[in-house]
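In what comes next, chain A is part of two complexes: it sits with chain B in the first one and with chain C in the second one.
Entry: the complex of A and B
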């Protein structure tokens, strides 16, 4: 049934083509094959690059994790000696794997949650277009632009004991009672020191992403809800956030991945200490592979790290999809 | 007759030209991996030294590969894997096991001229022994050096030259200085010991354990029994000394050596323990630091068993495997050139303060700053080298922090250390 929006010539051509395809199935399959080939040609560069630079290294790393692979294997191009799960069991028996998974989980959970909360709050404030909003938007990008290693060094100075800013503030607000507060020195505070530095670095980008999503919410719907008597939080929960779902999903997923692979902040601020309190999977993997030159063991940590990250992102997507279904 | 003379002359010229040709050596290239080239002060010295060597030995080309210190092992591992040669490395003693296990260094005795090799001090070479032989030769070395701010000590009415020679004396010295500076706000550290969880700190704490009479590793590369004497007492006394320093605010926890160097250069530290070449960073903060810096060796009585012995740290030459005869000869000449009084004296006095490790340098002037520490220069003990040395030593810092800052009991802290050290040693 031709639609009224198509020109007469187009309708004639389409019906001719369709009838010829029906009459000549060979012609139809030939066109399909051509389309398929064209699609494959377009996909080929991406497939080749992904295979060469992502898939093969991952497979290689997973295979390496089941072998005894040391420096000599690398320099003399000798294959590693298969040792089944020895790398995994050794790490597990020493309690290093469990501890690193737990610390990574804590770091990712708190950093992502707090980043989202702070960013959402800032985005909501900036969305009301307060005076100086444009200036603020520009200035707040500075932490995001600074390289992560520099951020780490900057915060190391802020936390330095006894000359750092944090020490000074604690000394000031405790009325001079606390004189040697070392944020990165205590087992209970070191991870929070890194989380704070991570927030400073990551909040700007997420704020801007959320703000961009917020500004795409149709104003007429918000206006209609306002006229209908919906208060601020009702509009936020039932209109704004559902409309921003895709932006939230992307930005939070990016944040989860970013923090799972966070290494520079740990390397510059604590190097995994004190007493292993900030030894995440990233730090453990580096130490095993490049400090102890045990590449098999490092690859085992990397494999676990990859699986945990995939699981975390999958769980987040699952929860998000379920909520989407409920909202719909 | 004239024809005969001309013929003879031509013949003589031909023969002499042939002799010259025979003496000319085949050109060789040495690929030299040198992290010092990435450090401004040292880079100029190395560039000049290499240029002078090449001028004197035109058949040798030294191809310098500049690598950041922290990336050294990874860089030449990758280079070897990709088919490049690594002929000579300026490195550290702690790298020896990894490079021997990686099968890419050889024993220097097979390369260096035997007469020159015989001139190295045995107690320094001993430190470079791994498995079946000595795998490096020192350029220079250091023991544990106490840097002292002479002005701060004298302002407190004390004599900087009279550094205590017992642990009790050291504590009394620290307490006197603390009483003087307690509320002045001028001094952040009375006696600094590093406890940050980094490799350099691990090595520093291991040296302190040695000074207290302990021995971390057995001769066959296993973890020594830390619950047996004298190790148990040495460990307990060392941990208590750290707790005494941190608990009383005489030192700060979790500081790196570079933090102490910067603070010492700024005049905020009375004394701290470091390697001699730590002075380079002190001098960067205050170029006139030599005016207030003196040194000493550790007290010769440290607790029940301690004699204040040190471990040797050295910047050394590691020689790559698979060299041609020409390259071996060139490397031998190059090491001798770098280790000559003419070349090294300026370096040891102005760039990287250290002690000489070769008897051929016995006439070499040592920096006046190191005069005090020089008296204990050979008071060192051999340390067995093992593959995971860096991690095993780094865990010492974890143990110290666990006991001094995080409230673990001494038994738990030491037990935790033993478990971690054995994890790395048994891998």
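Entry: the complex of A and C
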């Protein structure tokens, strides 16, 4: 049973002068009631804002996904007619939903795994305190503070066909055989272009968090294992990573959610193209709702998106928990 | 033999660090260099690492075209207002969450972290309808409130973790001295969590400066466009002027880089506290 504000003091007061508290029981309960009132007042703005702008819209959009809701409904302020699963079945039959789920899954899986691998490598190296580590740690954060749309524009320029840097590098390393390489124009490479841009933006934060987590790893245990002859990777897997469990769980979950939500990079780099090769659930829902003005259909996509994302985070946590059982 | 092994490992370490930092920092350098090159020079087959003739033409155009500065100003106003609002709300709710442990606080925290996960678009579809009914689409107020709402859950829990670090004895002492609840919070507790307030404020500023989706759906008239929206809708076209775009990108990224370096200490502490506790 959680104790309310200042209850410790009331306990002291009661034990010190139990006769007085018996005489004035109103005093204690009125103070508790006032605490409650004060607490409610403090929470009110946050609760109102989050209810009005997050909770109600989410519930509303789930309801909307089962209705036929178009631009007319919005302008005439008319509620949409209930059409059961029509939005879902139409999207499914057109194959849009499956392909968007697949592409989103690919994007999230690769971006998160690569971000984790690169960040872990970087964090491990920076944790050994190479010369200039402090400086490196702070300039490392620059990609993270650059706004996402600007990140998109920057990489659009790097991938630009013609004149882009990547095209030149490909030309150079292929010995002049490949002269026309548009990263974002090919169906097979466009998604990788976005993954790379996402990686660039997200590595700094993950590295920062992992570095912070490494501070909790006891130095003496690592040292003892080294003396016992455990090589670097054994120490990494059996000591370092288990100690960093909670930081890894939080930062990877955050990364999964972040990438599921990713939209601005797609909007600036490919807009879902070429021929739908980068149409994720985010792009599909935006296009359905705000380009085709079919809000019901867009809401159906976001509902599926929500479920897929919750499932993904749950699966990650499950795998993580099971591994914990094995190592412990 | 052992020392040679060691030397190889060391070399590998520096090679990896060099490669990763080149990956992280070269694009930023490339953005800067392109912004200083004329398009004629940028469009060469073999790119030059430093402009032959430094040109500030891109920046000049941006300052004179009458649009960029409007977007920039709008973004500053929206982000600053949102950051202030977020700070205020998260100080209040963070304090409540840290100090008063009533049963439904747990429920509230769960709702907070759930709503933080929600994709923005899933809200925007119906938020657009709701704000339209309230006459708040295409206004700064609507945009500021919508953006603030997305940051409040994280900021409130972050703020709560800073309040957790302040001993409760202070409140008890204040209470016995006859200091009221509100006065205790304002006069005694708040001065002690200034680093936390800074962390929350700067983080909120960075995150709201980054907003694209809210602006692009809730605001339609170009006079109110924010930077991200304006950059995407005005300057990125079929035929892009890359010097102009890179100049705009540099100007859009600079304040964030400065803010980060200036307040780095608070930011890093806050982020780590938020992630490790949340």
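The rule we apply is simple: the second predicted complex is superposed on the first by the 274 of 328 C-alpha atoms of A that agree within 3 Å, B and C clash if a C-alpha of one lies under 4 Å from a C-alpha of the other, contacts with A are read in each partner's own complex, and residues count from 1 in each chain.
Criterion: a contact is a pair of C-beta atoms (placed from the backbone, for glycine too) under 8 Å apart; a residue touches a chain by one contact, two chains touch by 3 or more.
In this text, all values refer to a predicted model and were calculated from it rather than measured experimentally.
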item	value
Contacts of A:146 with chain B and chain C, given as first, second, both or neither	second
Partner chain(s) touched by A:101 [first = chain B, second = chain C, both, neither]	neither
Which superposed partner A:90 touches (first chain B, second chain C, both, neither)	first
Which of chain B and chain C A:163 touches, first, second, both or neither	both
Contacts of A:38 with chain B and chain C, given as first, second, both or neither	second
Contact breadth on chain A, by residue count: chain C or chain B	C
Touched partner set for A:185, first chain B, second chain C, both or neither	first
Contacts of A:294 with chain B and chain C, given as first, second, both or neither	first
Contacts of A:57 with chain B and chain C, given as first, second, both or neither	second
Which of chain B and chain C A:155 touches, first, second, both or neither	second
Footprint overlap on chain A, comparing chain B with chain C	74, 77, 160, 162-163, 290
Touching residues (chain side chain A, partner chain B) in the complex	70-72, 74-77, 90, 94, 96, 160-163, 179-180, 182, 184-187, 270-276, 287, 290-294, 297
Chain C partner contacts - residues on chain A that touch it in the complex	2-6, 8-9, 34-36, 38-39, 42-43, 45-47, 49-50, 52-58, 60-61, 64, 74, 77, 118, 121-122, 125-126, 128, 130, 136, 138-143, 145-150, 152-158, 160, 162-163, 165, 168, 200, 203-205, 208-209, 212-213, 246-247, 250-251, 254, 257, 260-261, 263-264, 267-268, 282, 285-286, 289-290, 295, 298-299, 302-303, 305-306, 309-310, 313
Chain A contact footprint on chain B (complex, rising order)	73-74, 77, 80-81, 98, 101-104, 188, 196-198, 249, 252-255, 259, 387-388, 390-391, 397-398, 401-402, 405-406, 408, 419-420, 423-424, 427
Residues of chain C touching chain A in the complex	13-14, 16-17, 20-21, 23-25, 27-28, 30-31, 34, 42-47, 88-90, 92-93, 95-97, 99-103, 105, 108, 111-112, 115, 117-130, 132-133, 145-146, 148-150, 152-153, 156, 168, 171-172, 175-176, 181-182, 206, 209-210, 212-213, 217, 227-229, 231-232, 236, 240, 242, 245-246, 248-249, 252-253, 256-257, 259-261, 264, 268, 271-272, 275-276, 278
